[in-house]
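In what comes next, chain A is part of two complexes: it sits with chain B in the first one and with chain C in the second one.
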Partner chain A sequence: MTERSPTTEGTAVRQTAGTSHAGYGRGFWVKLAVMAVINAVGVMIILSAAQAQSWGILAGMAVLLVAADWVYFSRRALPLKYILPGFAFLLVYQVFVVLYTAGIAFTNYGTGHIGSQQDAADQLVAQNEQRVEGSESYPVAVVLPEGEDGGLLGEEELGFAVVVDSDVLVGTAEQPLRPAEGAEVDGDQVTSVPGYQVLDREEVLDRQTEIAELRVPFGEDEAEGALLTQDGRTAHVYEQTLVYDEEAETLTHVEDGTVYSPTEEGLFAAEDGTELAVGWRVFVGFDNFVTGIADTQTAGPFFEVLAWTFVFALASVVLTYLVGMFLAIAFQHERLRGRRIYRVLVILPYAFPGFLSALLFAGMLNERFGFINEVLLGGASIPWLTDPWLAKLSVILVNTWLGFPYMFLVCMGALQSIPKDTLEAASIDGAGALRRWWSVTLPMLMVPTAPLLIATFAFNFNNFNLVYMLTGGGPRMEGVEAPVGHTDILITMVFKISGLASGQATDYGLAAAMSLVIFLIVTVIAVISFRRTRSLEEIN
Partner chain B sequence: MQRGIVAASAAAALLALSSCAGDGVALEDQSRSLTVWVDDDRQEPVTRAVEQFTADTGVEVEIVLRNYEEIRNDFISQVPTGEGPDITVGANDWLGELALNGVISPIEPGEMTEEMEPVSLEAFTYEGQIWAVPYAIENLALIRNTEMTDVTPETWDEAVEVGEELDADYPILLQMDTEGDPYNMYPMQTSFGAEVFERTEDGSYEPQMAMGGEPGAEFAEWLQTQGEAGVLDTTVTFDIAQEAFANGESPYLISGPWALPEVEHLDVAVEPIPRPGDQEAVPFVGAQGFYISSQTESPLLATELVTDYLASHEAQVSMFEAGGRTPALLSAAEVAAEDPRMDGFAQVGAEGLPMPGIPEMAIVFDYWGVAHAQIVDGRSQDPAVTWEQTVDTIQSQLDD
Partner chain C sequence: MSENTLSAHGRSGRSGVARWFAELGWRHLVAVIASAVAVFPIIYIVSASLAERGTLTGSNELFRTITFSHYAGLGDTYFWTWVVNTLVIGLVTAVGTVLMGAAAAYAFSRFRFTGRRAGLATLLVLQMFPQVLAFVAIFILVLGLREVVPVLGLNSQLALIFVYLGGALGVNTFLIYGFFNTIPRDLDEAARIDGASHAQIYWTIILPLVRPVLAVVGLLAFIATFSDFVLARLILVSEERWTLAVGLYSWVAGELDANWGLFAAGAVISAAPVLILFLALQRYIVGGLTAGAVKG
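Entry: the complex of A and B
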């Protein structure tokens, strides 16, 4: 073995690499390529987060990225290699969403409270700036004062030059308009002013945000108003009615001197309680939860809707399960001919998009023109969707129609796993068909299907599409102040009272708070049910 | 092995950096491009108007096609984040909410005040300022099937009489819904003098209910009698009313210009709405226009595009041709009025009341139609009481 050829040495080296540096095989390069792509995407997200100044997303993404690199390039993290992708998606799509919703739930985010306090102040000042009535409009030239060194660094204050009563006036934000000597004029348009550079259109457009915000006072006295331009060509005289004091964070009314200070509700209010319309986002604690659940206006309907939501979800699960199971058992019967065709037919309702079917049913159940009243019932006028009880019944029945094929499929599979000899033994013992179903089939079916039933319950608890498309929550409850209907479930009620449905003043804070409540209810139910299904497993 | 990790990570990082180098993180020069949100109907004419603008100024304009229903909420939520467009089309009844959220800027109308239909500017006025450049107005009127009758009814009862004499399936069609349709019912209500809000001297709306009292009670009684007689029916929805009229099942339809494409095969005349009460039946006039975002990076260009190009005669005429609504610009409206049907709508609209743009209007809509439906369906013991309760509920919501 003293004579070693280069080839064998190479093999030896490769072997060592293969054992101690497990990563350097072909798999390693594939992994490197995949990780490179992941890192690329991650870095891109981090950069765009930095650009958008979303520091939370930036930090979260950086942590995830470092974790991913560590997990996949370290050999000590084998179990994590399997868990990390799922865990990352859980964080992004579940935990983040819930936390984000929770974050909004404690604020007053909604109509009139969209931006920051500064935004609100700017907006109020701008909205209350009125053009002086009957004032003229002036063709305006945007000018830049030339610095002492004649340089135009763009650092200086921009200004306006206009012709007023055949005098050329020039001024900046700091320097009110005053006559300029030796300026040249073409018609009404100032073309040059000594000591200033007149900007051409290109230069104006380069600095348009600045120019649109520029106000050049007409005179020393604030009451004379100021020149503003919206298009960079024509200026008008405006009067400010509100002035913002950045240090005191207050708005002052120019004419009557009323001072509006920021309140805890995220509004500017005067001492006598008058509030200005535009507000900003603030933390409001549990106010939204209180409004949603305990407010006199919504409390009555809330508990009625909560009860109906439970009834609806439970009835949907039970009915779809029973119908689906019945059909599955029936179609298992070997003497039944054309089972395949039946099976396909039965699955059809499942193949249509749910919201489409709901819309179709809404049409068919129409009191006067619907297919069911008109044709099937020979011109009856049964208010399927407009009577409170019938509407509830319709919603449940339509949902059963939509949901049973799923249960049918599930049960069909699960039935295969029930041993035939158990059933035979039962019938030898003298058990009838019903008894065999109750004591053997049902318990054995429950084992694999119970988790699906819980999932179906949770799904129906939030079955927005069906209710919204079929009845829209109607008929409306009478004598209730909130615009809530008899078939509204919690999620559609939230949609309505938070103003998302009608284009009414939206209240995202309230919507988020109520969504959290729904989330908690569903979570609690799911946890309890999963605990209980464990006892089912003992049957096996 | 440690070195291996470091080397591999470095390689991965290098690859990562090189692969995203092309994306560039440099800020684009946003001050030289504009984004406009439009819906289906407006896409083509706006694109045409914008081509001229790009040719004149060299500024690229991106036209983004949006669902009309989604624009309002998306605009409100995206503008504050800096992601929103510079300009969007919108209806005048969004005005209050957009202004309250601080997402739009007032517009200096300049010469527009003389060139535009006054009611269209009035519709876009809020807190004493004008907030959008209007391009179209729309309102209801009576559409008469001239093949079925020559009678232009003055009053509602006259119309019903004509319809019954013809033995039509529906004497007159006025769409409702199981939750009512207050927009379409409003002319009936105004003919009893029950306007929705109080108005100040300059005609702008105040969040004070004006539809209660004696006029409101009379209107409610009328709703009940019409419901009992079967002339009004909550199952007659938009689709059903349109189809029935198109099939010649009724001589009269109260609807807007959007109904015209469906009745091209009929010979129709557009006339004032017959009044059930003592006063004229006056519809709402809704206006559509272009709003400028308060957060735009290109305020001067956006203003120029909207006031000089989208308000131009050519643009307004081509928007009329695409959308079939009366242009807000008077000179363009004259072109539209060459179609006698459009002229009919314009005549009725000139007398109309602007659709309220104050944010409180949405609250009213939540309860208003439901009360109509309840009375027409005969679910109310005493219509006057039901009506008064509804008005009180809305008022208490407004005062909150």
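Entry: the complex of A and C
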């Protein structure tokens, strides 16, 4: 205590001297240190973005950095000092990504349409390389330039050394073949090259895949062709069959002279309609929305999934609410012994992680070996998860199991606010238990719980984990090309058609468009919710 | 109606058992059934984790055999790596969420500035939109960041934490904001007169007072990251970086039967701490959930 007092006095003195409101105390130096680190990291990211030519990331980072410096060194931005950290994350990973989704939704971004037109052309030229027919084959030595110890990326750059017309040529993927002085040759096989290490048989085998992908060009001009090898012993001359004309933006086939011109769909196509496999990203307007909603073959029966999503979310809310409320009413009695134990037991499903519950039920409901069929139903084989209707029922029932404790807890709280005399008055007026519930309890419970019901509805509308873990959306819909099943809700359907889960062809554009549709639906739900609860007006 | 009235009030003459049943007995009956339904799957998974044969059929006779081989078998898998990953990602996200959410809530509760109402309204609206909806864009963003800032790019756990922190403000600020509003402003005023700066008031006076709600927000954030599948699945590529949700799903996704014992053991271990924490903090959680949700 005594040690501390001088410091406190010191701060007080400085404050009264009016140097600064907060003084240059410990807090200021901590702030300065933190800001220094943030600035250093920020500048590093900006430089790195410049190098990678990612202008979007560069601009975003620069804006954030300037904002951070202004906020933390200006005296006029006090509230922002507290809001900015969270807000920055929110801006990038929630607001920006939504806008980005909207941007992607109007493009054909996805497998085959990843980069720019130039990227596509480069890739096509590289892919369409063919072994020159009747060309000579060269015995090749795989070499490693000396002194290149992996470099920054830890990747050593391999090369070839070959004898062509009794000259020894050496080159790598980046460095076209050129004559090498002082090389030793045994027959037609190069055995040593100054400045290079010749790999032995074993090393060649070790790096087989790397060597098979190695392409050493003959000259700076790509048209001169390149050497490639399959086995690390013999190389062949490969030449490009497509040539890109940057001015005309067309690709021409060397042999038959077919000209492939860019189309509006982001592909190179010949006049007869043949398209080359690699395309680029283009703006496609509302195509994705039309495909997603109207084309039942590629995107699955949108309306069927939409209807089921609503049914699922609504049924989940109603059932969990009814079960939870019934339990709350049943537990609502002072003289009920063991109430606390019952309460703990009943809320266990809510405390158990939801995705584990879903996987657990997937096992228990298994048609052949699951506990429910095998034991509870004495060896029945009811297709709980594989019949379209039963699977839907299972999803709703499992979700009820997961969700009723929440409603139970909510109703327990809300029930206490219902005055006893109102119920007694109803009772004296001759209302039976059911009537009292319908006319008194329910309406009075609805007032405080309505917003929760809407929130629960919105949550279940996008309850990805339950559906994906329990049924995987299955059983598959028949006669539909897209991997959509009978219990798929919108969000699981979008996840599947994005192609990101399966590792197959992706279609970001279509998935983004469908995400946007969900956004719109959720927005409508939100508007209704805020109208009803007037929570927006309560802000003051 | 008249029949109802009769049955409700004409009981006085009946025996004590009937009266007991009408008043309390049925409640016990309902409670026992509900408890059984609620607890049974959890008992089943515990039993399955101890069953000798790690298959679905082998798990159907509850507690017939008891062996810890599946628990031991977890050591031969990536399970414990996933546990550590999940804990690290969850804890960092929880702490970040609490710090950023509380700071923003403090500003909204204590300062008056232009854009304050709009900001609050925006947060309220954002609550309705789960981050998962933008998974395509998040994936592409993280993919792009890999070229520039690899540590925030694909297959980085920090990238996943950053994505989760993006959802921090939207979900939690309102909850904490409500609690800050219940702390009298006189307290701030008194401290300010004593010469405390806004930062001192925040760290030493306001935050300690709302510790329970901060614990709840932290726990909820932890559970949310613990349960997230989509974003973790997309961002974490290699198996040794996965979280429990991704890993445990992968065990049963293809062959439900083969890995059942292993899955059950893993599920019990991963659910236990969450279950215990939840039950310990349930009073705060329930209060927090209703308060937050009523506002939203």
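What we mean here is this: the second predicted complex is superposed on the first by the 311 of 540 C-alpha atoms of A that agree within 3 Å, B and C clash if a C-alpha of one lies under 4 Å from a C-alpha of the other, contacts with A are read in each partner's own complex, and residues count from 1 in each chain.
What we mean here is this: a contact is a pair of C-beta atoms (placed from the backbone, for glycine too) under 8 Å apart; a residue touches a chain by one contact, two chains touch by 3 or more.
Please read all numbers here as calculations on a predicted model, not as lab measurements.
Of the two partner chains placed by the overlay, only chain C lies in contact with A:336; chain B stays clear of it. Using the contact criterion defined above for the overlaid structures, shared-chain residue A:27 touches chain C, although it does not reach chain B. In the superposition on chain A, A:437 makes contact with neither chain B nor chain C. Of the two partner chains, both chain B and chain C are touched by A:366. Of the two partner chains, chain B is the only one that A:119 touches; chain C does not reach it. Contact with chain C, but none with chain B, is seen for A:518 once the two complexes are overlaid on the shared chain. Once chain A of one complex is fitted onto chain A of the other, the partner contacts of A:345 are limited to chain C, with no touch recorded for chain B. Once the two complexes are laid over each other on the shared chain, residue contacts for A:278 go to chain B alone; chain C is not touched. Using the contact criterion defined above for the overlaid structures, shared-chain residue A:82 touches chain C, although it does not reach chain B.
Ranking chain B and chain C by residues of chain A touched puts C first. Across the superposed pair, chain B and chain C both touch chain A at residues 21, 48, 366, 369, 472, 500. On the side of chain B, the complex with chain A involves touching residues 1, 4-5, 8-9, 11-13, 15-17, 19-20, 23, 25, 27, 31-32, 59, 72-73, 76-77, 80, 94, 97, 99-103, 105-108, 110, 127-129, 178-179, 233-235, 240, 294, 297-301, 303-304, 307-308, 359, 362-363, 365-367, 370, 374, 377, 379, 393, 396-397.
Put simply, chain A touches chain C in their complex at residues 12, 15, 21-22, 27, 45, 48-49, 52, 54, 56-57, 78-83, 85-87, 89-90, 92-94, 96-98, 100-101, 104, 109, 326-327, 330-331, 333, 335-336, 338, 342, 344-357, 359-364, 366, 369-371, 374-375, 401, 405-406, 409-410, 413, 427, 430-435, 448, 451-452, 455, 458, 462, 464-465, 468-469, 472, 491, 495, 498, 500-501, 508, 511-512, 515, 518-519, 522-523, 525-526, 529-530, 533, 535-536, 538-540.
Across the complex, chain A meets chain B through its residues 20-21, 23-24, 28, 32-33, 35-37, 39-40, 42-44, 47-48, 51, 69, 73-75, 111-112, 114-115, 119-120, 122-124, 126-131, 137, 204-206, 208-209, 211-212, 229-234, 236, 277-278, 366-369, 385-386, 472, 474-476, 478, 481, 483, 499-500, 502-506. Interface residues of chain C, counted against chain A in their complex, comprise 1-2, 4-5, 7-8, 23-24, 26-28, 30-32, 34-35, 37-39, 41-42, 44-45, 48, 55-57, 59-61, 99-101, 103-104, 106-108, 111, 113, 116-117, 119-121, 124-126, 128-141, 144-145, 147-149, 162-163, 165-170, 173, 195, 197-199, 202, 223, 226-227, 229-230, 233-234, 245, 248-249, 252-253, 256-257, 260, 263, 267, 270-271, 274-275, 278-279, 282, 286, 289-290, 293-296.
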